[in-house]
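Some structures are shown below for you to check.
Okay, so chain A shows up in both of these, paired with chain B first and chain C after.
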Partner chain A sequence: MTDLPAGEIPAGSSSRTWRRMRRNPAMAIGVTVLTAVVFFALIGPMISPYDPYDTALRMRLKPPSAAHWLGTDSQGRDLATRLMYGARTTLMLGLAGVAFAALTGGAIGLLAAFYKRLDNPLMRLIDVLLSFPSILFGLSLAAMMGPGLHSLILAIGLSIMPGIARISRGAALSVMAQDFMDGGRVIGLPDVTLMRRYLLANAYAPILTYVTLAFGDAVLLAAALGFLGLGLQPPTAELGSIAAEGRSFLFIAPHVSFAASALIFLIVLPVNMLGDTLRDAADRRAS
Partner chain B sequence: MPGRLAHRLLVSIFVLLGVLLVGFLMLQVMPADPAAAIAGAQGTDAEIETIRRHLGLDKPVMVQFALYLSRVVQGDLGQSIINNASVFTEITRAAGPTLELMCAAMIWSLPLGLSLGITAALRRGGILDRVVMAISVAGVSIPVFWVGLLLVQLAASTRAFPIQGRGGAIWTIDGLPHVILPATALGLILLGPVARMTRTTLSDALNADHVRTARAKGAGPARVVLGHALRTALLPIITLVGLQVGALMGGAVVTETIFAWPGVGRLAVNAITTGDYPMAQGAILFLALAFIVVNIAVDILSELADPRLRSRT
Partner chain C sequence: MKHSPRETMIAPQTARPEPLLVVRGLSVTFATDQGPLKALDAVDLTLAPGETLAVVGESGSGKSVLSLALMGLLPPTAKIEADALTFDGRDLTGLREPDFRTLRGTAMSMIFQEPATALNPVRRIGDQIVEAIRLHEDIPAPKARARAIEALAATGIPAPAERAGAFPHQLSGGMRQRALIAMALVHRPRLLIADEPTTALDVTVQAQILDLIRDLARETGTATLFITHDMGVVAEMADRVSVFYAGRLVETAPAPALFSSPEHPYTVGLLGSMPQMNARGAPMLPIRGTVPDPRLMPPGCHFHPRCPFAAGACRTDRPALREIRPGQASACHLAPLIETLEARP
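For the complex of A and B:
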């Protein structure tokens, strides 16, 4: 950390980050694509004339047409509408998993930095969790709780949480070394206030960068588990399971799997590009 | 650094205990009575009672956990509810193919990732660097199953490679064509992270003092890059590969499912979707154990790769 007054660090650095990002054309493309996908997922369901769950067996696996822009799936449902709802579900799953991870991981990291006594036991627990590949969380929770929403969110959350805990502990420790923390303690502020208004307010930037990168992983894990049949169950529109449904008709109607998979890619790629840019900017600031 | 290795071993013990607890819990939440499930539809009450006592299901939970541990240590992972097959036997049969697939994926992706990373580091900021970085970010953003499905479509239209199953050991004439597609899909997971890490660490190493000294002494460019710079850059790359084994495992589960590869990942997924709790428990236990062993091996490897770690006690 520099010897700047703490309040100036986030303000100054974020506008500098913003300027760097704007000079990066890849970033502009990424943000545009992501906005388009989010728009597609949020506005699409409102304007689509079709219901994602209305089956019409006589309309099975139709190629794209004026009425069905992307054709229909194996149950005769409008694929474009399924994808809109699917993208919404996938985005929500990613957000929910990441939010769960950020809340628990962030709390653990801050507590470990704030209370020296808790540091060792909490971080050893994190080491253990960090040693599990995310797919094992997915598999074991699906096996224990049955595949579905709860096991899925928990699996996503648990696989991302340890990383967030580490990052927030690191960020919080460097804030703890600042004079204003001692100052706050001396004037008798309660621990909760110190943690929220002093610690968190100054440590959140690196946590946010990490969370952005983790969101891409969260979406990929949700999609992979959905594809394996261990995530949300049909007929729920979710991109991974739409891709899996299309797999049975890969040679007659390849567009079903293709469109769902491509949409996942279009969500994850810009998020990862954004995360990389944030990380590079942060690295450059640090050096 | 022996301290690091000791720390790793200590963590591993807890990880192992955690995994065993998960495996144990998986059998606890089994909706059916495990004893009745093992006895089968024709099982008499007396038989069920005998099995119950054999499994220790009449004892307190802690005792049951201890019994479970002792059974696992002896390689007794129970029987499948579906076909009564020994879980241990099924897993040993599936472990080979999974290992084959992972090795086949690494054989092409590690050297290629390293070369891409070296190219990018030497031409930092240039057009090649940008291309490599674009490949790298696209590689980590693409769902594995998409790559798998695209390969299936491509192979089906060209009839170049078989798209289902395993044709025998991968070094045989029958086996090799079968592994090409799944290994291609799986290796892609590793390519991006390895290229990226090589680029970062190698660019740092190229600016290090000892590399400048090597240049000053008149070492040729190939010797400077491969002998001096890459040598020091290797350590983070090895560590990264160890961490990526987890991602590789996740990819293997998906790839095995797409290509009907008879590995542990497919075994686990099938067991979970069919409600075969003992089989799921065994497969997950095995995958976790394999992950722990690989990571310990990586720690030992990194000490061998970097003498600076060995001398610093």
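For the complex of A and C:
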């Protein structure tokens, strides 16, 4: 606050964070690319003239042309259309997984910080989850529950949840040490209100930053599981499984795997850039 | 404010009314990694309605633990034992959390040392007061808002309607403390615990806040437990004083008696450490040494290693709190001190 001229009242910390982010080119690039990909995934299927499941054996593995901008895959399906549906699926999987992880992990972290006696049991549980490599954990879960949308979301969510729980607990603990938590108790607020309006409202910034970065991990994990054949089953379009299908024809038709991988890259990179920017902005506010 | 001015209850010495708060033999022990830590050791306290009791002591004397114990805000790691702990005739030791929650904010309230951090930084002042009002009273939001602005106005905040829309970081320290006081007194509690409410403020603001607390407490008939280490504040505010040292109550007396004839060497030391405006150049008489580590408390009287009068019994036996003269009690083997002093060269 020292950089403000005397007498000027800051309009609220969130708008200052926003200004800092706008000055950052990484932020601008991240937002632009991510918006483009999301448009591609959401609007694309509506305007594409092709059906992602219509096979045409005569048109197999064609390189990019005027009719098929990105060429066709091994079944003769329009690759651009497949990628639109695939990106939509992968984004949705990542979003659902990270939402599940944020809700459970956030709740666990806040509860552990708020109720001291829950701290040890909850955090040891998280330690157990963290002691598996998360991809292995997601894999075995997906294998155990059998392929399907729900098991996939659960696998992705559970493998990124421990990190969110830890970050939430850390952020919440530093808020718990502040006087206003007792201030809220003194006026007789019930625990639920204290946790929401006092604890979460003051601890959300680092949690949100981490969740943004975790979204990138969730997308990668969804694609990895799809690539390994443990995600959604064919013919469902999903970026990971499209990349896997193309792998068999890597030498005669590299465009299939390449386009799918590039799209995954174009989702994860801007998400990470966004997350880093958010983290830097929050850090500077804290200092 | 539309308060019907209540008769103020002064003169706690004569016709003392039913006490509002009775604490007898209160001990608080924290379980720590290095073993149990006794923060309060068999402490007694009474507070009459409308009375102001100052609790005095150095950092680590247990005075803040006392306030948290009374508010039921100690963490679960704290073990609370008491022969009696009653507020307004109700036993607080067995009180369930939902009942305690109702009690807090309505019948008892608290203001903190650090107004900068005692308000929720992400919510507007007015919203926080409205929340406090509607938590315990079923009134519509606009009415609660009017009440909140009224409460802010009563604390002397200029342009209270605009301030109600401000975030805590947009107000000065004094303003924030006023807002906290407004919030604490919005339900006209019977007991207000003020935990060093002026320590973090500028000297000029300190006096204003002290006046404000006293005036509002008098107006609402609220009894005040005033925690402080500043004897100047004690002289300004208190009807009675209880002096704490290392978790024990060492002396309790009406404020005038405490200043004119302290009966515990620690109190004498506290008064001697006070800068005197009209005794410029005269040496102050600080207390030697520091408060002992709570895990390594000396046997006998906790104060004996620092006490200039310490004699044999002080090193072995815990002195009991004895009444020296009406209303004044001291936990010192050597009290009354005047006799001890005269017996020495």
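In this text, the second predicted complex is superposed on the first by the 270 of 287 C-alpha atoms of A that agree within 3 Å, B and C clash if a C-alpha of one lies under 4 Å from a C-alpha of the other, contacts with A are read in each partner's own complex, and residues count from 1 in each chain.
Everything that follows uses one rule, which is that a residue touches a chain if its C-beta (ideal position, glycine included) is under 8 Å from a C-beta of that chain, and two chains touch if they have at least 3 such contacts.
Note that the structure is predicted; figures quoted are calculated from it, not measured.
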{"item": "Simultaneous placement of chain C and chain B on chain A, clash or fit", "value": "fit"}
{"item": "Touching partner for A:97 - first (chain B), second (chain C), both, neither", "value": "neither"}
{"item": "Chain B versus chain C as contact partner of A:269, first or second or both or neither", "value": "first"}
{"item": "Partner chain(s) touched by A:182 [first = chain B, second = chain C, both, neither]", "value": "second"}
{"item": "Which superposed partner A:106 touches (first chain B, second chain C, both, neither)", "value": "neither"}
{"item": "Which superposed partner A:163 touches (first chain B, second chain C, both, neither)", "value": "neither"}
{"item": "Chain B versus chain C as contact partner of A:132, first or second or both or neither", "value": "first"}
{"item": "Computed vertex angle (chain A) for partners chain B and chain C, CA, steps of 10°", "value": "100"}
{"item": "Which superposed partner A:117 touches (first chain B, second chain C, both, neither)", "value": "second"}
{"item": "Contact breadth on chain A, by residue count: chain C or chain B", "value": "B"}
{"item": "Lowest C-alpha to C-alpha distance for chain C against chain B (Å)", "value": "13"}
{"item": "Overlap of the chain B and chain C footprints on chain A, listed as residue numbers", "value": "none"}
{"item": "In the complex with chain B, residue positions of chain A that touch it", "value": "124, 127-128, 131-136, 138-140, 142-145, 147, 216, 220-221, 223-224, 227-230, 240, 243-244, 247, 250-251, 254, 257-258, 261-262, 264-265, 268-269, 271-273, 276"}
{"item": "Contact footprint of chain A on chain B as seen in their complex", "value": "11-12, 14-15, 18, 22, 25-26, 29, 137-138, 140-146, 149, 152-153, 156, 245-247, 249-250, 253-254, 257-258, 268-269, 271-273, 277, 280-281, 283-284, 287-288, 291-292, 295"}
{"item": "Complex interface listing, chain A residues touching chain C", "value": "1, 9-10, 12, 116-117, 178-180, 182-190, 197-198, 201-202"}
{"item": "Residues of chain C touching chain A in the complex", "value": "68, 71, 73, 75-77, 101-106, 109-110, 112-114, 117-123, 131-132, 135-136, 167, 169-170, 180, 183-184"}
